[in-house]
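Chain IDs A, B and C follow the sequence of writing; residue 1 opens each chain.
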Amino acid sequence: MKDEYIPVVTEVADIRTETPPGDRMIRTLRVQKEGKAPFAHLPGQCAMISAFGRGEAMISIACPPNGEYLEFSILLQGAVTTDLQYLEKGEKIALRGPYGNSFPVDEWKGRRVIVVGGGIGIAPLRSVYGHVVRHPADYAGLDIFYGARDSQSIIYKQELFDLLEKRKANVHLSIDRPEPGWNHFVGFVAANLTRAAPSPQNAVAITCGPPIHITVTLDVLKKLGFSEDQVYTTLERKMKCGFGKCGRCNIGEVYTCVKGPVFSLARLRRLLPEGLPDK
Amino acid sequence: MRDYRSESARLREIVSGLLERGEVELVVAWTEGEDRPRTRETLIGKGREDLLRKVVWSPFCTTSTVTFLKKNKAALAGKRLGVVVKDCDLQALNVLLQEHFLKREDLVIIGVRCDGLAEADLFPRPEGAEVPITSDGGGVTVGKQRRAWEDSGFTTCLTCSYEDMKPDHVVGEYGRKKGKPEWGHLARLQALEPGKRREHYAALFESCIRCYACREVCPVCACVECAIDPGERAITPRTAPSVKACAPVWACRERSVSENAVYLLTRTMHMAGRCVRCGWCERACPVGLPLMEILDLSNDAVRRVYRYEVGRDPADPPFLASYAETDPDDKGAGH
Amino acid sequence: MEKALAETGWRVMVPSGAGRKGGYVELRAGGRLPRECGDHTKPSTPPKGLVFPNNEELLSYVLGVKGEIEVGPASHTMARTVLYGTPPCDTASFRALDSALLKDMAEPGYAGKRGLLGVIGMACSRAGRWCFCTSVGLSPRSNIGADLMVYPDGDDLLVERVSDRLDGLWKRLEAGAAGADEKALRAVEGKFVPRVLNFVFEAEKLADALEKAFGSPYWKEFSERCVSCGICTFLCPTCHCFDITDVAKDELSGKRLRTWDTCQFPEFTGETSAHNPRKERWARQRQRVLHKFLYHPRNHGHMMCTGCGRCIRYCPVDINIAEGVMRLGGSK
């Protein structure tokens, strides 16, 4: 019987520094085992990454399923992420997974996918928009709303500008305050969303970000006419075991690491109110 | 003989009066629990007749209202509070006032003169609404059941020396002569040869399950972020990652002799000059550790060697923050 | 029974007695098995520690100076063990623990040990003032969670085979025993507590009532004196929340450890970002109550509480979960 606690040792195949070094540094690690992805995953799933001696952290897999690699965009937060930020290309990293449920991308075929990400929240959403970009014929369109506090904090910048330029997606970027040289929207992501007012017709919206971002975005989507079945989010909770045993990540009777972290708004409301991110 | 029914009635009068006249917004007092004669701390506001009616004072008020204050500090901040305290509670309150943890001007202190406590669970459940609880120099009586003080489950009360702590209001008269702290158990331990002493302490430390009840119930263990395995971390969304990453882990989560010893002994050191010997830590411990035995190592030094009386006066400097030319040196400590 | 158990060579664990010291301990060679059980023989620490210890090593690691990683799996096994003489509240705890830790995906530490434990429960002859097993669907004669169930009858023992796990022992006992049947069991039943009358509440209505009471202001009142010490959950026979931390031996090696944790500690759900969905004590107490009386029943069909009363008896500030549940469940 497989011991779920034992991680697989993999190699850091590539590192992209997304934001400058400092307290809010984000790096994307590309991880492989013998040239392939260490395990298969579905968009929205996560993995427990080890920083031996410090602990583990549950981090969203930030790339669509591809068989070649896994990617994780790691924001510096505390003990574990500090250790991970010292990793260099070619070094080893241990992780276990995949954990959690996934975005129902198959159910969404034929529909327009609207992604609304704030800050590091864009990372799990990338597994979805990356999947849609790889299978354009399966979907009616892709809108990406994404913002950060300033232009230096925007991650996947090159990729997003590329998508915009090649018209593979409607990309709406924003930063919180004006900056010289920034020609896109200035303001919160939700405000940008209000301005663009995408139609809920045959669409599905997914959002992730800090609690306040999620709360405000859900409000805007409601005002735009999206029903609770058309809105999905992925939540964050402190996690230790990752497979529904240690008792801490539950929302009502459901473990976020097993029947989440992806939840439709309709489902979240049915579960007890504890599920709604606090303001 | 002390009649706690009438003392409770007098206490209720005082508490009601304070609330009626608006001298305080809230009162922290003991009320009769559902499982009499057990009592429980309750926060009572004006107009809560349902709670006022149950306000009680008896040897079964075994918890500390000062712990309630410490646990609810944020919620009660800025409010004028009445608090009912036994002698040891007032001692603990003075320690917190010395450290400016609470402000004296926010408090109206109602003292209840305590002869000692008794374990409610040793008495059968009383029948009927009115339960006569009385005590005298020899013991406690609930209805028809009497137990001597020595058999009532509270050993630290037998050696309590606190009296006349000068609260704002007083209820009751002492019915028993106070004792003095007694260190015979320490002499027995000190007489053990090092190998045997190590065995004794190792067995003790091994049994600890690190539930932290001793820390949480203690009226003076009030640090927001405990140095050892903090129950609550003092971080905000703006705390730098490096600060979180470098937080020291003095005792890891492993329940072993070494880690448990770090926790228990560090707590003892941090309690030097602050422990009031109320004994609640030992009574609460779910695995029956003789915690007073460990704490008394420090209590003995403080009282006997440095002659410092813990929590005597809120204006006193805290023990570890005071220094006198006449303090004995290491040789004088005799450990 | 002593002879048959000794022949198996298994480790036999028995209650050391009521009170706070001891817990469940190994029966010494030649020692006598307990002849009765009840609140008066129930130790403060429950038997869950036999298969779910406070410390369980999950893996060891060695890091190389060039960044190599070597992970060593842990052995989750233990000696074959029989737990003898648990009252029904402790016996039934294994049903709740098995559901939570083995269903859907097995928790490796628990799974490794659980198969090596046989439970011989004993009918209870004396309930305590905090017991309420009948309110949670059990009884002083319940055999839920037992592999064998014994009913002491003077010098005799009536033994009931409940599962096949201890069939090796059962065959040995059968060899030297007089036959017995349902009638014999009925005859002996009168010696045991028929029903426990403390904290009687109507279990069927409870889950729905608690769900409706999610936003009730009573939670604040219920938990205002709580000190978040963890006694209720550490002593609870069914509580199994755990923490996973790395224990470094030096900069390059160490182990990963699973230890008991409690939903009552503030940092239980405290994220590194400082966001904490259960920052307040009332939110944590509510979680404990709902986990036991709403979430676990919804997921597994039985309450995650066996009515043993330890949380009520040992809570240092007199918080009574049955009182809370009765208040919110509407029955009194």
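Keep this in mind: a contact is a pair of C-beta atoms (placed from the backbone, for glycine too) under 8 Å apart; a residue touches a chain by one contact, two chains touch by 3 or more.
Values in this document were obtained by computation on a predicted structure and should not be read as measured data.
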Longest centre-to-centre distance from chain A, chain (CA-based): B
Geometric centre: closest chain by C-alpha means: C
Geometric centre distance via CA averages, chain C-chain A, whole Å: 38
Distance between the centres, which are taken as Cα means, of chain C and chain B, whole angstrom: 31
Approximate Å spacing (C-alpha centroids) for the pair chain A, chain B: 49
Chain B residues counted as touching two or more neighbouring chains: 244
Multi-chain contact residues (two or more partners), chain C: 243, 245, 270, 272-273, 275
Multi-partner residues of chain A (at least 2 other chains): 77-79, 81
List of chain C residues in touch with chain A within their complex: 58-59, 61, 63, 67-69, 71, 73-74, 76, 100-101, 104-108, 111, 211, 214-215, 240-246, 248, 251, 254, 256, 261, 263, 268-273, 275, 277, 283, 290-291, 294-296, 298-299
Sites on chain A touched by chain B in the complex: 23, 76-79, 81-83
Interfacial residue positions of chain B with respect to chain A in the complex: 240-242, 244-245, 247
Chain C residues within the chain B interface of the complex: 19-21, 23, 44-45, 54-55, 129-130, 224-231, 234-235, 243, 245, 247, 257, 259-260, 262, 265-267, 270, 272-275, 281, 312-314, 316-320, 323
Residues of chain A touching chain C in the complex: 1, 3-7, 9, 52-57, 77-81, 88, 90-94, 211, 236-238, 240-241, 243-250, 252-253, 258, 272-274, 278
